[in-house]
Structure formats: structure tokens, C-alpha cells
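A, B and C label the chains in the order they appear, each numbered from 1.
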Amino acid sequence: MSVIATTGAATTRRATFRRLAVWLVSAAVLLILPQIFTSGLAVTVMNQMGIAIVFALSYNMMLGQGGMLSFGHAVYFGLGGFFAMHMIDWVDQQLFVFPIYLTPFMGGLFGLFMALVIGSFSTRRAGTVFAMISLGIGELVAALSLILVVFFGGEEGVSGDRTTGPGIFGFNFLQDIEVYYLIAVWVLVAVLFMYLFSRTPAGRMANAVRDNPERAEFVGYSQRTVRLISFCAAGFFAGIAGGLFAINYEILTEQNLNATTSGGVLLMAYIGGIGYFIGPIVGAVIFTLLQTVLSGYTDLWVLYVGLVFLATVLYVPTGLTGIMMMHVPAWRLGRLRSLVVPYLTMVIPVAMLFCGLVGLLEMFHYRNGAPTGEVEMTVFYVTVDFTSPLPWAVFTALTLAGGYLTRRLAPAVAASFQAATSYDAKGSSA
Amino acid sequence: MFELILFSILNGLVYGLLLFMLSSGLTLIFSMMGVLNFAHASFYMLGAYFAFTMSGYIGFFPALIIAPIIAGLLGALVERYGLRHVHRYGHVAELIFTFGLAFLIEEVVQFFWGKQLQDYRVPEVLDFTFFEMFGNAFPAYKAFMLLVSIAIFVLLFAVLTRSRVGMIIQAAITHPNIVAMLGHNVPFIFMATFGVGSALAAIAGVIAGPVLGTGPAMAFELGTIVFVVVVFGGLGSLSGAFVASIMIGLIQTVAVALDVSVSDFFGLFGMSFSPDDFLVDVWTITLPQIAPIIPYLMLVLMLIFRPQGLMGKRES
Amino acid sequence: MQTSRFAGLVVALAMTAGIAVGQAQAADTIKIGFIDPLSGPFAAVGQSGLKQFTFAADELVNKKGGVLGGTMLEVTGYDNQVSAKEALIQLKKAIGDGVKVIVQGNSSGVANALTDAVEKHNTRNPDQRILYLNYSAVDPALTNEKCNFWHFRFDANADMKMEALTDDIKARADIDKVYVIGQDYSFGKAVAAAAVDMLGKKRPDLEIVGNELHPIGKVKDFTPYVTKIKASGAKAVITGNWGADMVNLAKAANDIGLDVPFYTYYAAGNGITATLGAAGKGRIMLVTEGAANPAHTDAFRAYTTAYEAKYENENITQFRIINTVQMLARAIDKAGNTNVDDIARALEGMEFTTIAGDRVIMRASDHQLAMPIRIFVHTDENVEFDMDNSGFGLVEERAVPVSAVELPTTCKMKRPS
């Protein structure tokens, strides 16, 4: 983010304009998306993405920006959601009048309140102690949610009707598309505020405490207070995401605050890249697609997600956004084009490796549960007989050849990448 | 009531010692490498699955030896090619790596063995009643579990405190640089510790599989409890892990035997609650109802008031 | 912040890639969306259910010429990961794929979410209605206060099963003390409440010596619970436990030597029968519908044999799936078209003879299938069809007729005009 660190009135104005433009373009994209993807499923998926984006970004306020690894962030998401759901119910029962489209804010406040209560003791220390407290709290709240039926509604959860409150511009949120626009506005606002938070002194100090708590203390900041502030902010935005969930699905259950949801948000943020503000956005989008779309194609989707996650941790700790950001220097030097050919040569071996591996896994998996007498299955739109050695040989050969070629070509590609990104190298069109 | 308490204590001991077998490995790994290994219980699961498959071919007792060895080798490989690689990105990355590994191992196990519970049974030689008291039977297999756990415990303590290898391990925990300067291969010690820790977890899996059930969820179910034990006992403290294991084992079983509810407790002070109360769910919570989540409560309280744990010397 | 444009690009690319392939394809079939867990911890049950649905549709409908004179039934799986949220997403996906009928059964929590969502969807989109056939979620509320016109249940609800179960206990004078143990959530509590209520009416002399809830999926060793049951002097145990909680409870009972009958709802199939093995012999009783040993009719015997020949490691664990498919096919034929409201009206009050020869009626008042319930015992004697290839299976002990388990309903059915 060094772009901003330029001086001079003209450049500052330009930078401000560019930053503003980014938000305007994002708003325009959000407005146009449902015109491009009109199917009911697409709207559903985009709604889920919006919720996931706010949730993952709130998580990264702790992990990426504050260095706090939490295994129980779903608690604030879920509690905020439950509270918002109760609000919707109360409006439905006409206990009072409250616009439904503002309930995510109330969810956020409830998340903030719970974060304040729990954070008051859990943020005293960072690192393993914090992680373990978050794990313990997460398990406790999830277990209690099945016991305390009054608030959590037991296994069925709490459900309601979002359409009964006062509407806005004639919208009563009968259709998912109306909810889409509501979520889009909330996402934009929440993302903007989370971005602005990272620019405030509190956000900056969170970075400082993450990197060097002792030094931050010497400068006069209590690391505990700094952590508590980040934690509460994260709880607030998680609560907003929970409130959006309540409006979109009209139901909240124990699953919204258990370990699976907490683990899922960690996966999203990490795959996307915790070192960048937009990392969790990318992660949320990809993860939602994998979960809802890939799961329709293969039973092994969780295995693939696991493999992707582990590969990310091992080889690209900066996440998918990190890979993209690596290319910024090359772009700025105008050498992005010099990478096209080396990358294209990599595409084929990597695709071979990918197809080979997936083919083997799918065939093995299918063979295990196949009905007696049935020997055919479809892999990559091709029907194969998994009892004959031929497909096995083909996929094994693909895997081996792809793997070998990938290894062979990798150094050359890495070298061209080096050449394209280092300032002293002779670029083709610098 | 007496027989209830007696059998609860016996079962608590069996369970507690089993927990110790898992937590000892985790503690060793943590003390040495500073990594809380989320995938530790996954090796417990691998142990059970390996032994289940092998016992069909070579019998239970050979499997009891071989399955942990394979799991241990796998553990060593994970350290050598995974953890060591991630180490450079810092502790958070290591923790996340083990988290991802746990996730992946569960999927891989389902990939090979399927999603259903496995029919992993107590070996026939040990399938009889060891003794009977007040009409309650104590199965021989549980006695066998006790025996194996105690043997492992004694062996581990002897190795760590009496042998040369144990000395080096203890030294490597506190002063890895000096140990390296003395000419010991510290990375190898790390790898070996990880392997042995995983093998210990696998032994626990082999012997617990037939009793606690062998299925894809077994690692997740026990994993967090083992974490609780290690953190509660004090990170890096073997004796702390031992005390915490036994404590949690006993509390979980004895709490079940005591039928006390929240309203009973307040009843001691002369307060009572109507069943129409808004918070009726809270007043009717009984001890057995929440027995399995007591450990998490203990964990949180311990971390608030004594972050280094029961016997730990450092916080993280 | 220049990179924010990447975010937009990624969204756009990912969406095109993801959704372009997900578009509906027109075909000459009636699509049935099977929305149940196909991955994760409960996948074994879901995968098995999907196979049973596909097989029933193929064998009993499609091979006999389909419905409406040649239209085939097509069953497609949608993975809901036993999550209410994912179930709603998959429901939208199914609707997008042109599914008219959805079937679901695992978890009453998901069922409650789905029935709610289906009702809202049908009210908000009258020209795109869908039918929800619930084949296994037993929460009584679904056909009482939460009933709706598009939901039909083909399994006996928890109260009906308890009615049958307590009838069995009523007939056994030797049982004078009963212990109720269950998982601490709505279903476990509903079972406990129904047991206390019905036993109180049918056997006032009988004493309930324990009524206990334990956290769901958290207990590894049930020995302390069983020790407690034994100490209470109970002559029978009632439990709604399922999955690992059921297996571990039975194993602990075997270890301690607690030789009393266990009345259960879900102690069979998908590995449970094999895992119980000798530990459950003669002790585990299962309250369910259908027929296993004996098979009652040759048709059902042939059907089971064919299924187990096709899937070596599978069993007919959910007899109700067969009824669901057959009754749906008949309703479509009776309606004469694929209009969901017409099919629903055809299902209402339908009388049907099952493949095992039982007479069942889909009650119009609450859309609950009125069916006979049987008490089975887990054993390895006289077993024609075992489960999990274990030699153990379910042998019928007592049949409770429809009339004995027909319960009143509080449902106020609102029908579309």
C-alpha cells in the first residue's frame, strides 16, 4: 500500500480521487452484478458471498491486522445473528416497530457487547493463550446454545419472517433480489468502515502491537487496550454479518456459532491472504463458490478444499491475493507481458497434473461405492470404465508427466518472474 | 452410591490415562518446538484405523506394535516436509498448518475407509469380564488399557529422566542452541520427537478404538479435549499434563454420577424457582448434563487466572 | 488500493465459471432433489439414502414405464452438509435446476428450516411452487403447529413411535422401572417428555427411575451413565440416541453387563449394526416402520435382494423411502400433470398398500402418513436380511397397528385456493 505514501498536492488529490474511484466502481459492480447473473441460484450465492465477505473481513481485523488467531469467531457472528433474528421476530409480533433493514446494526451492537465482555479477559494476552481461550469459549457457547432453548431455540434454532417490518422505497424484502441490494449496501458500508478503521490510529496501533508488542508499550500504548479495541471492532462487524445472515436466511441455528463456522472463516481469510485488506474478500468469494457450486459436482470437494488450504499454508502463505500482488511490480515496470509466454508454458503441465490427480481420486472414490455390475463413471465429461487399466494408466501418466514437467519448467518461470520484477534487470519494454 | 463412585473412579482413571497418552506426546512436541499440534488427535485416529485394518490380517497384538510405528513415521515425515517448511513463516502459520492437516487427514481417512463407523472390536482373548462387584462388571479390556497406559507412562518417565537421550531432549527443550553447538543434530531431534509423539497418540488410538468407537469424527471429538488437558496442565509440563489428564478423566465421569442441578444449588440458600420462569433452562441444568463441557469451562477459567496453566513455567 | 479492481475481476470470473455450468437444462423428466448430507460426519446416512431413493425410482417407477405415460423420475443429490443455511442454498439451487419435488430427512432442525423456506417460497412465488416430501425428520411439530400444505411426512413422527414403544412396555408386566436417557437437544427432550407422559397414562404403576440428558456427540465413554442406570434398578431403557452416542451407549451396557432391553429409534444400519454386533444381541430394540425379517411379501423380498446385489455394502435401512417414491408416482398419475398443488391434493388422503403389504393413509388433516409401526430386536438368529454384512439384523417382535398410533393433530392446514 505504498502508493499512498507520495507527497505533493497534485498527487494527493489524484490518490484521493483514485481511492474514491475504487469505491464508486465497486458500488457500480455490485449494482450491475444481478443484471449479469440473473438466475435465482446466482442471487443466492451472491447473497451468501456478501455475508461471508463481511464476516471474513471482520475476522481479519484480528488475525491479519492484530495478529490474534481466533478459533471461535463464529460466536460473535452467531450471537449477533440470533439477536437480530429475535429483533425480526419482535417486529413480527408487533412488540415495537423497527425497520428490518437496520437490524444488522443491532446484531452488530450485540456482537460488540459480547466481544467487550469476553474480550475483557481474553485479550490480556496474545498468541497461544488467546487462541486457546477463543477455542474454549467457542466450545462453551456452542454447547450452551443447545441447552439454553429460550434464546437459541435448541436444535431448530430461531426463525422468523423478514417481510413484516416497515419497508424502504417500496421494498419489503419478499424476493431474494431485494435482499441482495440490501446486503450489497451493507457490505459496501461495512467494508468501507473496516477499511477506514485500519487507517485510524487504533488500526495502526493494532499493526504495531501485532509486530512488536514491547515497542508499542514503550511508545505508551497498552497492548491489551489496543487488542481489546480490535477485538471489539471485529465482534461488531461479525455481528453485522450475523444480522445480514438473519435477514437473508430467516433462520439462525447452533451451526452458526460452532467450531465448523469458526474454522471456515479462518480458511476463507487464509486462502484469500491475511496480509492484504482485500485478501479475505477474495477468500470469501472463492470459498463460497467451492462450498455451494463444487459440492454439486463431487463428494470429494472437502478433500480438495483441504488440499488447497494446506498447499496455501505451505507454499503461498500470502494467499491468493499475495500471488496477485506479487505481480504489481512487474505491472508497474510494464513487464507483465513478458510473463505471458512463460506462464502459458506452465499452464499445460499444471493442467495435466491437476487432471491426472483429480481423475485418480475420483475414480478411486467412485469405485469404492459403486453399485455391483456398474463399471462406468464420468470424469471431466468423459465416460470411463474404472475396471479397465486404461483410464488408470492415462491418469497416472498425466499426473507423472505433469508433475515432471512442472518441476522441470518451474525454475525457468521463476527466473522470468525475477527478471520481470527486479528493477535492475533489462526489461523488454521498460 | 458407593459402587457408583467406585466404578466412576475406575473408569475415570482409564479415560484419564488414555488422555495422558495423547497429551504426553503433544506436550513433548510443544515443549520442544513451541507448536501446539492441532493434528495430534489425527494421529490417534490414524492409529485406530491402521490397527483396525491390520488386525484383520495379522491380529490385534502385532497391530498394536506396527500401527504406531507407521503413524510415527508419518508424523516424522509431516515434521520434516511440512512443519519445518512452514516454521519460517512463524508460529501462527505453524498452528494454521496443523489445523489444516487435521482437516485434511479426516478427509483422507474418509476417502480410504469411507464415512461410516468401523467395526473395530475388542480382541477375543481380552473379551471377558475381569471382575464383578455389586453386580457391575469390569471388562478385561479396560484393565488391559490401564496396564498399557501405565507401562507407557513409566517408560516415558524413565527415558526422559534416566537415559542419555532423555537428557538431550530435556536440554533441547530449554536450550536448543547450546545443544546444537554441542554437536547434536537438533533438527533430527525435533523430527524424532514429533514422530514419537505421533506414535504415542497412535498407541492411544489402537487401544481406545474398540472402546470409544472408530469413525471419521473420532479425532475431532477427542482433539479439543486433549488441547484442554495440555493447556490446563501447563504448556510444556509433562507432570502438569499428567495431573490434568487424571483430573479431567475423573471429573467427567464422577460428575455424571452426581445428580445436582443449578436450582438444587440455590436451594441450599433457600431460593427456589418457578418452572414458568423465563430462565427455566438455566435453573434446570444438571451436573451430568454439562459434564462433558466442564473441561472447557476449566480451561477458560485457568487461562484467565493463571495463563501458564497448572504447572507450566511459561505462557506460550 | 489499485488491486481492488482485481477483486471485481475475480468475482466476475468466478461467477461466470461457477454458474454458467449450473444452469437448468430442460429434459423430459420430473426432477426430485435429494437435499441431505453427502459430505461430512453424517454423509454415510445421506449417501445411503440417496442410493435407496435412486434405486426405488428406477426399479419401482421408471422400469415400469414411469409416470404420466412415460415421464421418468430423476433423483439428484444436493449436499446440505446438515446445515440449515446450506440446505436453503441447495434448495435455491434445486429450484434453479428445475426441481419440482424435494426430499429430505436427516435432522429435524434442517427440516424445520426447509418447511419454513418452502412455504415462504411457494407463497412468494406462486408460479414456481415446489413440494417437500420429508422421509425421515420426526419432530412432531412438523405435522402439528408447523404444518403446511406443501410438506408431507412419510415417517412416523416421534410421538407415534413412542406410542408404539409404550404399548410394547404396557404389555410387558416385568418392566416396572424405566430409565430415559437422551441427547440434550430438541429431539432427545421430545422423546423424554413423550415417554414420561405416555407411560404415566398407560402404566401408572411403572416408575421412571431416571430421566437424563447428555450433551450430543461429546460423551466418549458411557460407562458412568450405564453404571448409574444399573444402580437405579431400571428394567428397561428408552433412548433417542443416534450415531456414535447410540453405539457407545450400547457398548458400555455390554461391558458393565446391563441386561435390560434398550428401546431405541436409530440403532441400526450404516455401520451401527455391525459395530453393535454381539454387544447388542437381544438387548437392542428398534422402533420403526417397514419389514425386514420376515419380509412379509415376495415383492419386498425380491426388492431387498436386488438392492443388496446391486450395492454389496448397503441395506434397505429406510423402508419409508420406498413408500415416498411409490406414493409420489401415484399422486402424479392421479393429478395428471406436474402442477405441484395438484400433486399435493392428490397425495392428501391417499390410501396405499406398501410393498410389504401394509395399508397406509396420508392423512389430509396434517399430511402425516398413518402407518403401522413395528418393534424389532437386534439379533443374529432367524435373520434373512442382515445389515452391514455382519450376520446381525432386525427381527420383528411386535407390530403395532395403524389405529393404535393415530394421534390427534393441532395442525390448521391452509390450502391454496
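Here are a few things to note about the model shown:
Basically, a contact is a pair of C-beta atoms (placed from the backbone, for glycine too) under 8 Å apart; a residue touches a chain by one contact, two chains touch by 3 or more.
Each chain and its UniProt protein: A = Leucine/isoleucine/valine transporter permease subunit.
Nothing here was measured: the structure is a model prediction, and the numbers come from that model.
For chain B, the chain with the farthest CA centroid is C. For this structure, the chains sharing the highest number of C-beta contacts are A-C.
Between chain B and chain C, the centres computed from C-alpha atoms are 35 Å apart. We define each chain's centre as the mean of its Cα atoms; on that basis chain A and chain B are separated by 32 Å.
Chain contacts: chain A has residues 143, 147, 149, 302, 369 touching two or more partner chains.
Each of the following residues of chain C touches two or more other chains: 43, 47, 184, 215, 218.
In chain B, the residues touching two or more other chains are 110, 114, 289-290, 292-293.
Contact residues on chain A toward chain C in their complex (touch as defined above): 1, 3-4, 18-19, 22, 25-26, 29, 33, 36-37, 39-46, 48-49, 143, 146-147, 149, 154-157, 159, 161, 174-176, 245, 249-251, 253-256, 276-278, 281-282, 285-286, 289, 291-293, 295-296, 299, 301-302, 321, 324-325, 328, 369, 371-374. Within the complex, the chain B residues that touch chain C are 1, 3-4, 7-8, 11-12, 14-15, 110, 114-119, 121, 129, 132, 135-137, 139, 141-142, 211-213, 215-217, 221-222, 252-254, 256-257, 286, 288-293.
Touching chain B in their complex are the following residues of chain C: 41, 43-44, 47, 184, 212-215, 217-221, 223-225, 227-228, 230-231, 244, 247-248, 251, 255-257, 270-272, 274-275, 277, 388, 390.
The touching residues of chain C, counted against chain A in their complex, run 1-8, 10-12, 14-15, 18-19, 22-23, 38-40, 43, 47, 51, 78-79, 81-86, 88-90, 92-93, 95-96, 107-109, 112-113, 116-117, 120, 124, 139, 141, 184-187, 189, 215-216, 218, 309-312. Listed in rising order, the residues of chain B touching chain A in the complex are 36, 82, 85-86, 89, 91-93, 95-97, 99-101, 103-104, 107-108, 110-111, 114, 224, 227-228, 231, 235, 278-282, 285, 289-290, 292-293, 296-297, 299-300, 303-304, 307, 315-316.
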